[in-house]
Amino acid sequence: MEAGLGSDRTRRTLYLLLAAAIALPFFAKTVIPPVVGREARALYEAVESVPPNKIIVLSLEFEAGTIGENLPQTRALMNHMMKSGKRFAIMGFDPMGPVFGQREAEDLAKRWNRPYGKYWVNWGYKTAVVQTLKAMIRDIPGTMVTDHRGTPLSKLPVMDGIKDAKDVGLIIDVTPSALYEAWMAYFAGPGGVKMGVAPTAVMVSDIFPYLDSGQIVGMLKGLAGAAQYESLVFGRDARERGITWMTSVSMTHILIIALIILGNILEIAARRRRTAT
Amino acid sequence: MFLSFLTAPRHGTQLFLFVLGAVLVFAAVMAALHTLPPRAKRWLIVACTFVAGLFYLLEFMLPPGTLMPPPGPGEGPVTDNFLSRYVEPVGYVTQIIAAVAIGLGVINLARVNSAPLLRFRPGWQNSLAFFTGLIVMLVVGLWRWKLLLNVTTVAQEKAVNESTIGSLYRFLFDGLYSNLGGTVFALLAFYIVSASYRAFRLRSAEATLMMITAFIVMLGNVPVGTAYLTGWIPDGHWYSFLKVEHMSDWIMNTPNMAAQRALIFGIMMGVIAVSLRIWLSLERGRFFEQEL
Amino acid sequence: MQHASLTIAILEALAAFIILYKILSAKRGRELFIRRIPGLAAIDEAIGRATEMGRPILFSPGLAGLDVTTLQALSIAAYVARMAARYNTRVIVPVMDPAVYPVAEEVIREAYAAEGRPELFNPDDIRFLSDRQFAYASGVVGIMNREKVAANFFFGYFYAESLILGEAGTQIGAIQVAGTPATTQLPFFIVSCDYTILAEEFYAATAYLSREPILLGSLVGQDWSKVALAVFIVVGVLLSTLLGPQSPVITALTAQLGGG
Amino acid sequence: MSGWTLATVVAGAVSTLAIFSLLYKENPVYRFFEYLFIGLATGYGLFRAWSDVLYPRWWIPMYQQGQWWWMFPFLIGLLYYTIYIRKLAWMSRLVIGTLMGLGAGASFQAIATQYAPQIAASFRPLLPPNWSPLSAVRGLIRAAAPEFVDRYVPASVPNNLTAAELVNNWIVIIILLSVMTYFFFSFEHRSPVVRGAAKFGRWMLMISFGAVFGQTIMARMALAVSRLWFLLVDPRGLAGPG
């Protein structure tokens, strides 16, 4: 049974059009610097203002499906934290998030000379979201027990003085799902911890009420947010991955708007022809 | 005295005996409960659900200091009530129960996939792919985990990753698993393109309003929209609102925010209602009602 | 806040009281009115279409675990299964969470039994595909194509894969009805389904369909709690206008409500 | 590039193309990799459940620290499997009921911390506080009950609200109440005001869904861009970073 989308020829030409709209800009020389939105700037300032005696928790809840958006966000945030020497901890409620985070951090640790255990730690994958978050408010080392390799947290200097929610300067949730709501409801809210979120763009509209009420201090809107954050960390002419990919994303948007308008025009024309005969 | 006997850690054969004792006691208790008449069993389920719900509810509702010794000299105000210190252990217990339950789904998948394999029905090679994928990832994953268990230095970790098991694991995880997962998601972009041309019709005024808003938000997100389309409008004037990123910003922060907030208030009352029904086992109908 | 402030305790207690009061009066048999949301006519039509074509129905209860939304989705599944049993049409329920699997099986088995057709229930039609989001989505697409389903129902909590499901169903010409409180996925269901039940209407659908006193009572109770909340907000707005947003009354209320 | 890395890159390219082949049409290669993916996903979930939960939380406390009582949660977890034995199936409902009871109890805190601040954020002034009629009203109240007043009704109120903020406050309140009206189910929308508000509420929902739609398009495109980037420009990336 044909799993394609109706008549083949039109469908395959549409797919090729998209592939072209994405691939051609890969080889373009010029890159258009993004306009930095108010939410991305707010998250940048929130990270900047975390004092040295506090730790930033970077919770990575994504799996392979959304690395296209969540990985550039994670990379941009880690670049900033390592550049300004902020202490941070990676964790996640999806088994794969912390694994991707670990690899990116190791790659960037060489670039910014921030050794593991001294500037950053990986607490690894946790299940039972609600109970873990509630337990973390009181006793983070007790809840985490060991890092992702099994080394007791007491042995890692980055964890010195980190006991409970009061020692967390900022929690940033990089997520493709509504897990940020659990972080807000069971950790950031009750623990009185500032919270930022880096969602896939799908979730962005839901989050504006929480920005308005101050429950969330800053946000990266999908890949566009990652590109904007990169231009904040590296300056306007940065050529990081987020910014280079956004040129292709721009082309796809033009293609889609054109197709929607074209599709409707042809539909109206066809309907008029039908009523005319 | 008896309590300290119970809570003293045990090792070696003593540990084995105590664990065996625990299993026997647990089995005895469940056997005894099994003899209860169906009405009593149903009441037991209702009671367990109620007590479980009451724990978190009371822990949240009781003000700090309830049934707690007053703070000693020099100590800050008490911030917990007498239930607060049980929150963590309950969390760990739930984690273990949830992890044990994962096997349930695997059994079902194995059941569904074993039929074509055993009877050699068409599509048996797919079920074979399923079982090979499952067993190989499980074995290689656990084997590599075992090797990494007592690794602390980066050099040791590098050695394990370079070993055959480490490379085989990267072949399965990075090569197959991550790419398969990532690409399934990328299909969506292609589906959207064909849907844009063929499915997104402006059937009604509402759909048109939705689409115009979508165009503004889309153009506001991408550099091409902000730079070329309305980049020429200068900032700082009343009409600079017409810049795509400002219009998109306003749409997201005012109408979208207000509508989403109204939805939130609806969901808030919905969650209260359904939590009450589950907690008090009022939830009649389908799953909860049949005889035991 | 670690523990409830007085205002929070009062608000939640008031809402709980109104809802419980309405549930108990519904249980005592009081007739409670709920308007028929248009989405329900679409469900009946879709089942009728599937029985005419003699092809199976697919019902996905969403991707959330055994929680509030999935349970409500399963009570809609029960309604669909009971209608399908009357016209001996198969209902395939792909499930993503191991904890939901036993509940789904019970619900559908009981629905067929309630229609006096227990022999029609085939346990293999309740399938746990995978606990990974996209393995599940591609598994459901596979079922749609292989079983050539005539009608798709997507009820429960969905994430990014909603378009894959809606699109694949549109391709094979299945009639589709969706309902989800996941506002992020509604635009795509609106676009690719014949009818979409919006956010809270999802809960109204279960209450209306089942005429269950508990569901009816709780929905009417929720309505009245929302009216009370709207009045509370209007009062707050008036106070904020009269006394100014930084006045002690408003700042105290905001602190009590855990505001930033 | 070592032999293994090359093999991983090739596996990555083959898997990517196998899944993309669904765009051409449903075919046996796609289905093979689909089942392989479900198998790998299940195997991965199982081994992580052991390595990240059961080992650190159950095996170590019980077998290395001798706390034998951790056997009980494990046994309670096993009750889930009584679903397969008809006579004992009620025990699985005991565990499910308890876990759901915990979830229901926890949601009262979730509502307070997640949703209650939204109520406070809706208290927005609709008129400039130092507008003369408002000051006059405040004067009346102050005259009526001076001692009560000192704490609650300030004499002078700074007007730090711009015209734009006031207009936005009106818009937010009107949209908020209209969308709430759309979701009232327990009475028929008969009176024109209610029907008008519900209609306006549905229109505002369409604007909000338009915003969601626009954001989602960017999300999807970003994922396709990353896939094609790894296929065309940086195949080494198919074997994962580092």
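Odds and ends about this structure:
By written order: A, B, C and D. Residues from 1 in each chain.
Following the convention adopted for this analysis, a contact is a pair of C-beta atoms (placed from the backbone, for glycine too) under 8 Å apart; a residue touches a chain by one contact, two chains touch by 3 or more.
Fair warning: this is a prediction, and the values are worked out from it, not measured in the lab.
Steps from chain C to chain D, taking the shortest chain of touch contacts, total 1.
Ranked by how far their CA centres sit from the centre of chain A, the chains are topped by C. A summary of chain positions shows that the Cα centroid lying nearest the centre of all protein Cα atoms is that of chain D. Here the two chains linked by the largest count of contacting C-beta pairs are B-D. Inter-chain spacing, taken between the CA centroids of chain A and chain D, is 14 Å. Computed centre separation for the pair chain B/chain C is 18 angstrom, with centres defined by C-alpha atoms. Mean C-alpha position of chain A lies 29 Å from that of chain C. In chain C, 1-2, 4, 12, 99, 102-103, 129-132, 134-135, 138, 141, 145, 160, 163, 167, 183-184, 187, 190-191, 199-200, 219, 226, 229, 258-260 are the positions where the chain touches two or more neighbouring chains simultaneously.
Multi-chain contact residues of chain D (touching two or more other chains) are listed as 19, 22-23, 26, 31, 34, 37-38, 41-42, 44-45, 48-49, 53, 57, 80, 83, 99-100, 102-103, 106, 108-113, 117-122, 173, 176-177, 180, 183, 205, 208-213, 215-221, 223-224, 226-228, 240. Within chain A, contacts with two or more other chains are made by residues 1-6, 15, 18, 63, 65-68, 96, 126-127, 130, 134, 150, 189-190, 200-202, 204-206, 209, 212-215, 221-222, 224, 249, 252-253, 256. Arrangement of the chains shown, judged by which pairs touch: all-to-all, with no pair of chains left without contact. Chain contact summary for the complex, chain B toward chain C: residues 60-64, 79-81, 84, 101-106, 108-109, 112, 115, 181, 184-185, 187-188, 191-192, 195, 199-200, 207, 210, 214, 260, 263, 265-267, 269-278, 282-287, 290.
Remark: chain A residues 1-6, 63, 65-66, 137, 176-178, 189-191, 200, 202-203, 205-206, 213-215 touch chain C in the complex. The touching residues of chain C, counted against chain B in their complex, run 2-4, 9, 12, 15-16, 19-20, 23, 68, 71-72, 74-75, 78, 97-99, 101-103, 106-107, 110-111, 124, 127-132, 134-135, 137-138, 160-161, 163-164, 167, 170, 181, 183, 187, 190-192, 199-200, 203, 210, 212-215, 218-219, 221-222, 225-226, 229. If you check the complex, the residues on chain D that touch chain B are 2, 4, 7-13, 15-16, 18-20, 22-23, 31-51, 53-54, 57-58, 62-63, 65-81, 83-84, 88, 90-91, 93-95, 97-112, 115, 118-119, 121-122, 168, 171-173, 175-180, 183, 201-215, 217-218, 220-221, 223-224, 226-228, 230, 238-240. Chain A contributes residues 5-6, 10-11, 14-15, 17-18, 32-35, 37-38, 63-68, 96, 99, 116, 126-128, 130-132, 134-135, 138-139, 142-143, 149-151, 201, 204-206, 208-209, 211-212, 221-222, 224, 227, 246-247, 249-257, 259-260, 262-264, 267 to its touches with chain B in the complex.
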